Each structure stands twice: as C-alpha cells, then as structure tokens.
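Common to both upcoming complexes is chain A, partnered first by chain B, then by chain C.
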Partner chain A sequence: MTEAKPATTERLVDERLVLTYFIAALAYMTISMLAGMLMALQLVHWNPLRGLELLSPGRWRMVHTNAIAYGFLANAFLGALHWAIPRLTLRPVLDRRLSWFIFVAWQVVVLSTAAGIVLGPTLQANSPGLAALPFSLGAQGVEWGETPTWIDPLALAGLLLVAVNFMAPIIKTPGPLYVTLWYFMAAFVWTFLTYAMGNFLPQYSLAGTSAGAVSGLFIHDLVGLFVTPLGWGLMYYFVPILLKKPMWSHGLSLVGFWGLAFFYPLNGIHHFLYTPIPMFLQHGAIISTIAVEMVVTTVIINFFGTIWGSGRAIVTNLPIRWFYTGMIFYAITCAQCALQTTLTFQALIHFSDWVVGHAHLVMFGVFSMWLLGIMTYLFPRIWRTSWYSQNLCEWHYWLSAVGLAVMALDLTLVGVFQGYYWASLQPWEVSVDGSVPFWMVRVFAGLAMFAGQLCFFYNLWATWRLSRGVAATSSPRPSVATRAPAGT
Partner chain B sequence: MIAPGRDPDNAGYRGRQLRRPGRKLMWLFALAVLLPSLYGFGTKFLEFVALFRGESDGAFAITPILNYLLASFGFLLLFGWAALGGMFKNVEQPKYAMLDNEAWLDQIELSGRPGGAALPVRQPRFRLVRSAEELP
Partner chain C sequence: MFESKSGVLLVGGLGFFLFAFLSNAVVPALLYRDLPEATTTELVAKNAQVMYQFEELSNCYPEQFKKYFGEPTQENCAKALELGRQIYVNEGCWHCHSQFVRPVSREVDRWGPVARTEEYQNVLQRPVMFGTRRVGPDLSREGGRHASDWHAVHFYQPKLVSHGSTMPDYPWLFDGAPDRPNQRGLAIITYVQWLGSWLESYPYYEDYQPLEIERPEAPAEESAATPAEDSAATPAEEAT
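Let's turn to the complex of A and B:
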C-alpha cells in the first residue's frame, strides 16, 4: 500500500470531502479538549484565564460540549457517511455540490453557536442596537441544546438537507437492506425530529415540568437516536470489511436495530428521576432503559461473535483495536446506565461527578474512539500511503485509551464519594475538599488524552507530506498495522 | 471463516424456512411475550388518559408520551412495510452481499481505472463469499 494508486472510484466517493470533514472534526476536537482542560483547571483553582468574562468557565463549558457534539462528532460522522453510504449502496450521494454546501453551512452553524455562546450575551448587553432584538444572541437554556435560538432553524434545515442527500442513494437500493443502512435511515429521521423537539418545544410551546421532561428526552435521544445509530451503523460496516468476514448474525443485528427503535425513545426521562414528572413516566423510562440494555447485549454479543477466531486482529490491526476498545467501554457505560436508572442508585449519584465520568465514557470512550479508529483506517487509505509513524499511532491509541479509562474511573469514584458526602448532610465545602484530589487526577488524565491527539495531529501532518512526496527521502516509513485496501 | 458453524454455500441455509413445529413454537413464544406486554402497555396508557382527563394540569404529561407514541407508530409502520416487502427473508444474505460489493470496489480500485471514470453499472450479485481468501 505504499505505492500511489490512481484514483478509481471518484464518482462514487468524494474523498476530498471525506478528508475535509475529518480535518474540520479534528479542529473542533482540539477546541473542545482545550475548553475541557480549562474547566478541569478551574476546578483545581489553576484557571489561567481568571477574570476574563468572555472566557469564563461557564461559557467554555458549553463550548466544550457543543464543540464535541456538533463540531467533532457531527463532522466526523458526516465524513464517514460520505465514505460508507456510496460504497454500501454503490451509488453516489444525491448531489456533490449539495454535499459541499452542507459542509460549509454546518461549519457556519457550529461557529455561530460558539460565537453566540462566548460573545452573544456581552455583545447584546453592550450594544443598544442588538439589545433591541426580540431574541437572545446567546446560548439557549437547554442542556446540550445551547445553540442560540436564531441558529436553530438553520441547523434544522441543514439536517433536512443531510437526510435528503444521503437518503437518495439508500432508497434506490434494492432490499433486503444491510443493517447499517437501516441504522442510517433511522438516524436521519430521528436526528431531525430530536433536534426539532429539543430546541423548539421547550423554547416556544412548553414550560416548567413539561419542558423539563422534553429536555430530558432531548438530551438522551441526542445520544441514542443521533450518535448511537450512526456509530453502530458505521461499526457494522467497518468491522466486517476490516476483519474480512461477515457479521456473526445479521438477524441479531436487526433485533438490535428494531429494539433501539422501539425502546429508546422513552429513555430520556430517566435523567429527571425524583422530579415532579409523574412517577409512571419515570417508571416507564426506567423499564425502557432496562429493555435497551438487553438490546445492547445482543449487539455486543454479535460483535464479539464476529471477532471470535480472529482475536489477534485486536493486536495487529489498529482500527479494529480502536473499535473493540470502544465496544468494551460501551458495554461498561450501558451497565452503568442500568445502575443509574434505578431509583436507589440515582439518589446517590444524582448531580455528582459520576454523571460527568459516564458522559466522557460515552462521548470519548465509545463514539470518539470509533471515529478515531475510522480515521486511522481512512486517512492513509485515501492518501494512498502508509502512516508516517506506526509508533505515533500506538501512542495516540494508548494515551487516549488509558487517559480516558483513568478519567472515567476517577470521576466515577469521586461521584460515589460526593453522593455519600451529601447523603450524610455534611457541609458542601467538605465535599469540594474531598473532591479536589480526584479533580487533580482528572487534569492529568485529560492532559494524557490531549497528548495522544497531538501525536495523531503530528502523524497526520507528516503522513500528508509523505503522500505528496514532500518528505525527505530519509524519513522513516515503517510498515503499518492499519490495513491496506482488501487485496493488497 | 465466515459465520461460525454455518456453511453459506449450502442451499438449504439460504432458503431455509422454519418447519411447522418450529413455526408454531415461534408464534406461541411471540404471543406469550406480546400479550402480557400489550396488556401492561394498555393499562399504563389508560392510567395516562385518566391522569390527563382528571387533572387540569395533567396535560404536562402528554408531550413526552405523544412523542413516544408518534415515533413508535412510525416505526411500527416501517416495520410492517419492511416485513411485507420481504426485507426479512434470507435475513443473513445482506451481510454476504455487503462484503461482496466491498471486495468488488476494492478490485476496481486496485485495477487502476482512470480517475473520474464512471463505475460500471452493477446490481448487487449476492454472491456468497466462503472465506477471506476468496476476497480479491
């Protein structure tokens, strides 16, 4: 795979667009991780930006979450979809120009969101012209939906265009459909509806507890109905082609898909246990969460059944290692979920750092790991070269995986401690003092994860130079564990 | 090897139908699961309607429930359409077809077709791949 090959399937896959999406995603990941680091430093009283209103932790925290969800995950998913869907359907997307338009429009949405969160309230307060506007330029008061209200219609239109662009090749594909396409189709519909529900209903139609219930649905549906179907859909595509063997059971994968479709939508209310939301709704959310855990079990069994007999690939094939590490974290996070939704356990960990650890386990440990694995596979493949340094690839993986594992364990532990501090009615300061050592560990775990990404970025830059023949002839070109296209 | 313990080259595998006793067992099992579930869901739904009617501010519960019912109903229709359209016949076939297509694309890429040339028109052939060695 070291020789440059002529472009061949250009009419099917727009490889330049795939790369552009990935680069944009990594840029947002850097911003998000820097913002996360600032928050971590703030908690141990080392905030280097203290006193700067525009860079205050409250604003940076929202940048941290929005940049990872809508900047990194959305862009990386869109890039991977531009690779996977044409190859699965043997048809290009509806219109390449539309694809590029969506790319630009989505960056406008994400950057406007960041600008709105950081600058919006200050600008509006200090400018008489802007103060007269009938809407806020700043963040919307919905968790994970802080996108300013004036951007919401644009974002929704963008999601509609995404659905149209990708559904065109899928609906032309004769059945029976591969499970990945089921997941993708559902994700396009679910994401559009979830975004509309979470951003418009609490803002314009509902108030109080009702708005709270819908916000709960939105938060969780964003994970379960936007990120999860795209993530699993991509895994059902990339794992078999990298292992060169089909899924253990396609039938079982369909059970997983339809189970997600029917059990997931009511889950979100489990974020608001012990609230004035009627208990039968809370109980319904608990039961459907446990039902989803059974669905998750079928998916995990299927993937481990698939790798059965090829286990060495976890050692030799780096993308597969990223994927299966993500799956192990997924199993852990879902086990946590089943615990968290029981009323007894929820009473202990509610509002504690357990939840923060859980969120990092899901967003980084699972979905970011899968996407980084996909990038590890696709960057050299598209550039038609090998990775500049296999060692840097290994450092990227190990720093990310170990850093995340330490952070998740650390936050889970401190969450339990915080829960017991509060349950024993000790003063708030006592729980803060008890948490500081754990928060210190979190800083260093975050630094390790960030260092891993820096290894990746340098490797990426060097590999790109290698692909253009710019690198010095003496540059090392070690063999890669990442797989060449099948057949090489 | 592909799926453990299965020989996809065996025609009996691809077109395998459940035998009558097996089908009866499947329906019995389905009913044993579905009937109590429907009863439980119906009871809860009636509770919800009673709440909605009985209290002036009970309407706050309606939004999440309606969201769920609408989404689930849509997927129930989709499920029915898929089942009636034969999407679940030969349920294991798509996993072989997917790998087959991918290998075909890789083959084209490696054969060095000129950049930008249109791909030849191809419908999925559903050729079963027996082992990794068969992939080009």
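Let's turn to the complex of A and C:
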C-alpha cells in the first residue's frame, strides 16, 4: 500500500469536489440532528412547536434518518471516494464534469426527499390537482427507504452514474487489487441492487409477509452492503497511511471481505422476527447473523493488530483516534447484534429503544465517526494549513464520543425496561412515563453531540480563513497537519 | 478469484446478493403465491364491521362527512381506507406504532390473536406496515377498541384523552375543532377502525354486536362531547 507522489495525485484528485461534498454532508448532518432533536423533545413533552403541520415530529423523524443516510453518509462517502480512488488507482475518475453533475443531481435527490416528506402530504391535501395524482408525494412506507416513490428512479440513476464514474479507473487498474477496492467495487453493485430491491418490490409487486421479508433485506443491506463496505474500505485505506505501516494480516482482510459478502445479505429477516414470515427463514437469518459477527471480529482483530505497537497514535493522532473509537463502537455494536438477534433477546427488546440505541451506535458511533475522522484529516490537508484550533478538534471529538456513548447506553437500558414494562401487562402509559427520564438524558446527550458539531463548524470556518491568509505565502505542504506538534 | 475484479464483482457483488435474494425474498414470495392479494374494494365488501364504523362516522359528524365523503357507501369507504393508509405512512405513524402481534411477551393477552400471513395479503399492506418501533401500542387490533369520537379527540390532541401521552398533536386533520375532522381526519379514523376489524373477535375488548344496533341518541350530542367528559370516560373504559 503506497501513496503516490503528491505531484501526480494533485492532478488526479479534484480537491474542490472533495471539499464540496464534505461541506454538503455537514449541512445535512446539522439538519438531521435538529430533526432528531425535535422528536426527542416531543417524547419528553418539551416540544415547543406542537401542532404545526410542517414541523410534525413524525415527518421530521423520517427526515432525521434519511438526512443521515443519504445526506451525510452518502455525501461524505462520495467525497472520500473522490479522494481515495484516484490515489489508489493512479487514474482519475471517468469524467470530472460527470462528477460535478452527480454532485448536483445527488443534492437534488436529497433535498427533494426532504421536501417530499415534509411538504408533500400538505400540498397534496390542499390542492385538488395534486390530490388526483395516482401516487403519494410524501414518504414511502419502507424504513430507510422513505424517499418518496417519485424520486426513487432518479436516485437509482444517480447510483448508476456513481458506479460508472468510479469503476472506470478501477477497471483499468491491472493485477490483483488492494482490499479497499474490493469493498468499493462490491459496494457499487450492492448499493444499486439494494436500492432497487427495497424501493420497488414492496411498493409495486409484493404485499404482506413477503414484502416484509424484502423490507428486512433492504434495511439490513443498506447498512451492510452500502455503508459498511464503503466504511471499511476507507479504513483499509486511511489507517495504514496514517500509521505508516501495512495492514497486519492480508489473510484476515480476505476472510473479512468474503465473509461479509456471503453472510451479510442473508441477515435481513432478523429485523422481523416473530412475524408471520416462515420460521425456517427467521432461523436462517439468525444463524447467518451470528456468522457475520464472527467475520466482523476478524476484521476488528486485523485493525487492532495493525495498530499494535503504535498505540500512542490514538492519543496523538486525532484522525486515528476517531477511527479506532469507531472500531470500538463497532465491536460493541456487533456483540450486541449477536445477542439481540436471538429469539430470546428479541422477545424482550424488539420494538424498544434498545434498537434505537443500536442504530445510533452504528450510524453515528461507527460510520459518522470514521467520516468525521477522515474530514479532520483532509480539510487542513486540502487547505494546506493546520487546524485553527487543536483544542476545538478535541472538543469536537470528546463531545461527540461521550455524547454518543451516553445516548447509546441510555437507550439500551431503557429498551430493557420497556421490554419488561410491556411484558408485565401494565397499562401502556406506564411504559411511556417510565421512559421519559431516560428520554431526557437522551436529549442532553444529543445536545452534547450537536455542540461537538458546532465546535467543528467554527473551527472549520476559522481554518478556512486561516488558509486564505496562508495561501499567499504558499507554505510547503504540511505533513499530517492534525498531529500534535510534540510527542510524535 | 478472491482478489480479482471479476471475482469481486460477479461472485461477491452479484452472486452472493442474488443467492440471498433468492433464499430470503423469492422463497417467501413463492410460499405465499396462492394467497390472493385482496383489493381495497374486496376488503370492504367482505367486512361488515368496517362499514359499520364508517356509517357511525357519518352519524357522528354528519356535516363534515357529507362535505368530504358524501354517503357512507362501500366505494367511499374504500377511498377513505386508502387515504387513511397514505396518511399513516406520510405522517410516520408506523415509526411509533407496530402492526403485528407476536406470540411472545404476553402480547396475546394485551392485544389479541397473533398475527397471521393472511391478514397482510392485501393492497393496504403494500408496503407492509409491520413497523419496527413501539412508542405507542401495537395497532393491528385497534379497530373497535375506542369509539370514533375518542379517536377524533385523541388525534386532535392526544393529551386530552390520554394524560402523559407523547404522541404528537395532529390538528391539521381537523377543520379547527376536534369535532370537525376534515377529509384526512375522517380517513385516518376509518383506517384505524379498520385495523383488526377482519377478525371474528372484533372488537377484542368489548362484547358488542356490530351493525344490528341502531344508534340511539342524536348524533349532534355525541360529537359535542367535551374533551373533559371524554377523559373521564377513559379510565372506566380501561377498567373493563
């Protein structure tokens, strides 16, 4: 794994595009967090904006998840891919203009998803012309696929273009490929297929139980076959570069990739255990979930084997700290997975906040952490400067990590309580009242995470101003700008 | 194969995905291929209970009903169900309410019979509304559990009838007052009353005979029930 000489890579990578993707991603992160906050406040009776149709917590909850998946994660991934793929293949993407076209098209997809979810139902109810449309302008009834049906084809076309644009340099690269590229290539195929399967089949051709099975596959594949491979692919790229040493074991990388490829897609139905979906399929999903957890453990071992001996980097190198924190959360999530997929656990915790905690652990604790780490590394590098404030970087990290840890712990715990409240057959309200104190903790944990982002934004802005001042004097490229001056 | 482009793309990317798709999605679809998927019209035609609820709505809110749906015919009921389901999806009700009763965790005691595949073979379950989170209770046995005017007040402002409820207010389903549900309001009430109405033990909690009962009082009085009266009625109702 070698990084090509800067002189070549500079012309290969469209750095402005990378930056633009990151900024867009952060904007959606803000929207998503505010939307989540609205629902959190609703749950503790503190929603100050009750009864406003366009601020309906139910609609904004869908904006919350979609803005994170398609707004933050997708944009941040695309930015990072535009950095990593040309450097790995030593070839530019298919076409720069196409890259920018995809950028714009994707923002149209994400923004119209949000607009559709929030405004669609209102418009349709108040205008007879729109009411006559044969489809709903608002959300689609598929979890993580709430993208309104009328946007789905556009989103799918966008995914196809993304794949074409990135596959061009990969296909031209000779010889056995590096791990990162296995993950990326597979992810392009999987994301496209997953999106098509989840958004079209349950809507147009299947009803009832079998549609439930497909929805389960979709929920799971979206995390497992879109987010996970891109995330791990990037880790296999950035971790060795930042640590300046190769991965610990190539054999384990192989096990990790092929294990994921085989077992992950088989997991979907574990989201709908105890439904009328045939029991043998439920059992199959449970067994393959446990298999995935074993596979994933090998990947984690591989990464901890890599950092073995350079452990101090976790203290001194902020991006590495983000990455490894994410991996620890990943290990926790996966341990949780292996437990919660069992029927015994499901009986108690399904439908409860345990699952919500789990989702935050994965989407924020793992993948957002990785991407924020990548951004912490790349922003100053692209701006040819160092961070305006190392302290604010630390605040960003600690507020995010601690906030998320508190939130996940809190929701996991209340999930167990809820399970017992329900099974005890007390009136429903008892379970709601009993959850409120935990939900309050969640509000504050969320505020901490949000405050962390604000630190980041301020720091970004100040760093950008700094870079404009520095550009005139054209300083030499700093090495890893975020590394603390002392200690390394 | 393990590190080559064609291996990764064809075996990992395409092959394994298709294998999972065949075994996890095509198999259940084949298993249930003989269960016909009912249209909304068929659902209404076979289901006297939901028609009863629809008629009751027209008695409860005659003016509003006339304005938005006209007569309580089967055709209009089907229309209301479809609109109601669309609201259920668009407003994200399904992120706070599930629609299936599990055979565990004493759910049968709380809600009624365990969910069966046949119940979901209809267009109103496309995409299926199993749900994944219960902030509020499961709704698949909700029909007939409360009167329609309870639902109206509840949707207008849940706290009025369910103290401490964290469910959001939905005043936009009304023309300004809880006794004036608009088209969307009437539709979502119909939809909620439909849930579970296909079961023989409907409504699960109260032992009343649908359809044969003529509504005794003047509907105007009924709909004028103030929220305070309604909330007083709730504990008694729950005690049964």
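Here, the second predicted complex is superposed on the first by the 460 of 488 C-alpha atoms of A that agree within 3 Å, B and C clash if a C-alpha of one lies under 4 Å from a C-alpha of the other, contacts with A are read in each partner's own complex, and residues count from 1 in each chain.
The definition used in the following text is that a contact is a pair of C-beta atoms (placed from the backbone, for glycine too) under 8 Å apart; a residue touches a chain by one contact, two chains touch by 3 or more.
Predicted model, so just to flag it, every value in this text is computed and none were measured.
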With both structures lined up on chain A, is it a clash or a fit for chain B and chain C? clash
Partner chain(s) touched by A:M247 [first = chain B, second = chain C, both, neither]: first
With the two structures laid over each other on chain A, which partner does A:L130 touch: chain B (first), chain C (second), both, or neither? neither
Where does A:F351 make contact in the superposed view: on chain B (first), on chain C (second), on both, or on neither? second
Which holds for A:F272: it touches chain B only (first), chain C only (second), both, or neither? second
Counting residues of chain A in contact, which comes out ahead: chain B or chain C? C
Partner chain(s) touched by A:R50 [first = chain B, second = chain C, both, neither]: second
Output check: A:L88 vs chain B and chain C. Expected answer is one of first, second, both, neither. What do you get? first
Examine A:G208 and indicate which partner it touches, taking first as chain B and second as chain C; both and neither are also allowed. both
For A:G305, is the partner it touches chain B (first), chain C (second), both, or none of the two (neither)? first
Looking at the overlay, what does A:R11 touch: chain B (first), chain C (second), both, or neither? first
In the superposed view, which residues of chain A touch chain B and also chain C? 176-177, 186, 189-190, 193, 197, 201, 206, 208-210, 213-214, 216-217, 254, 258, 261-262, 265-266, 268-269, 277-278, 281, 284
Across the complex, what residues on chain C touch chain A? 2-5, 8-9, 11-14, 16-17, 19-21, 23-25, 27-29, 31-32, 35, 37, 86-87, 89-96, 98, 100, 102-107, 109-110, 115-117, 119-123, 125-137, 157, 162-166, 168-172, 183-184, 238
Note: in the complex, chain A contacts chain B through residues 5-12, 87-88, 90, 174-180, 186, 189-190, 193, 197, 201, 206, 208-210, 213-214, 216-217, 237, 240-241, 244-251, 254, 258, 261-262, 265-266, 268-269, 277-278, 280-281, 284, 305, 308-309, 485-488
Residue numbers of chain B touching chain A in their complex, please. 1-4, 44, 47-48, 51, 59-61, 63-65, 67-68, 71-72, 74-76, 79, 82, 85-99, 101-103, 105-119, 122-124, 129, 132, 135-136
Using the touch definition up top, name the residues of chain A that touch chain C in the complex. 42-45, 47, 50-51, 53, 56-59, 61-62, 117, 120-122, 125, 136, 138-143, 170-171, 176-177, 181-182, 185-186, 188-190, 193-194, 197, 201-203, 206-217, 219, 221, 225, 254, 257-258, 261-262, 265-266, 268-269, 271-272, 274-278, 281, 284-285, 346-348, 350-352, 355-356, 419, 422-423, 425, 427-429, 432-433, 436
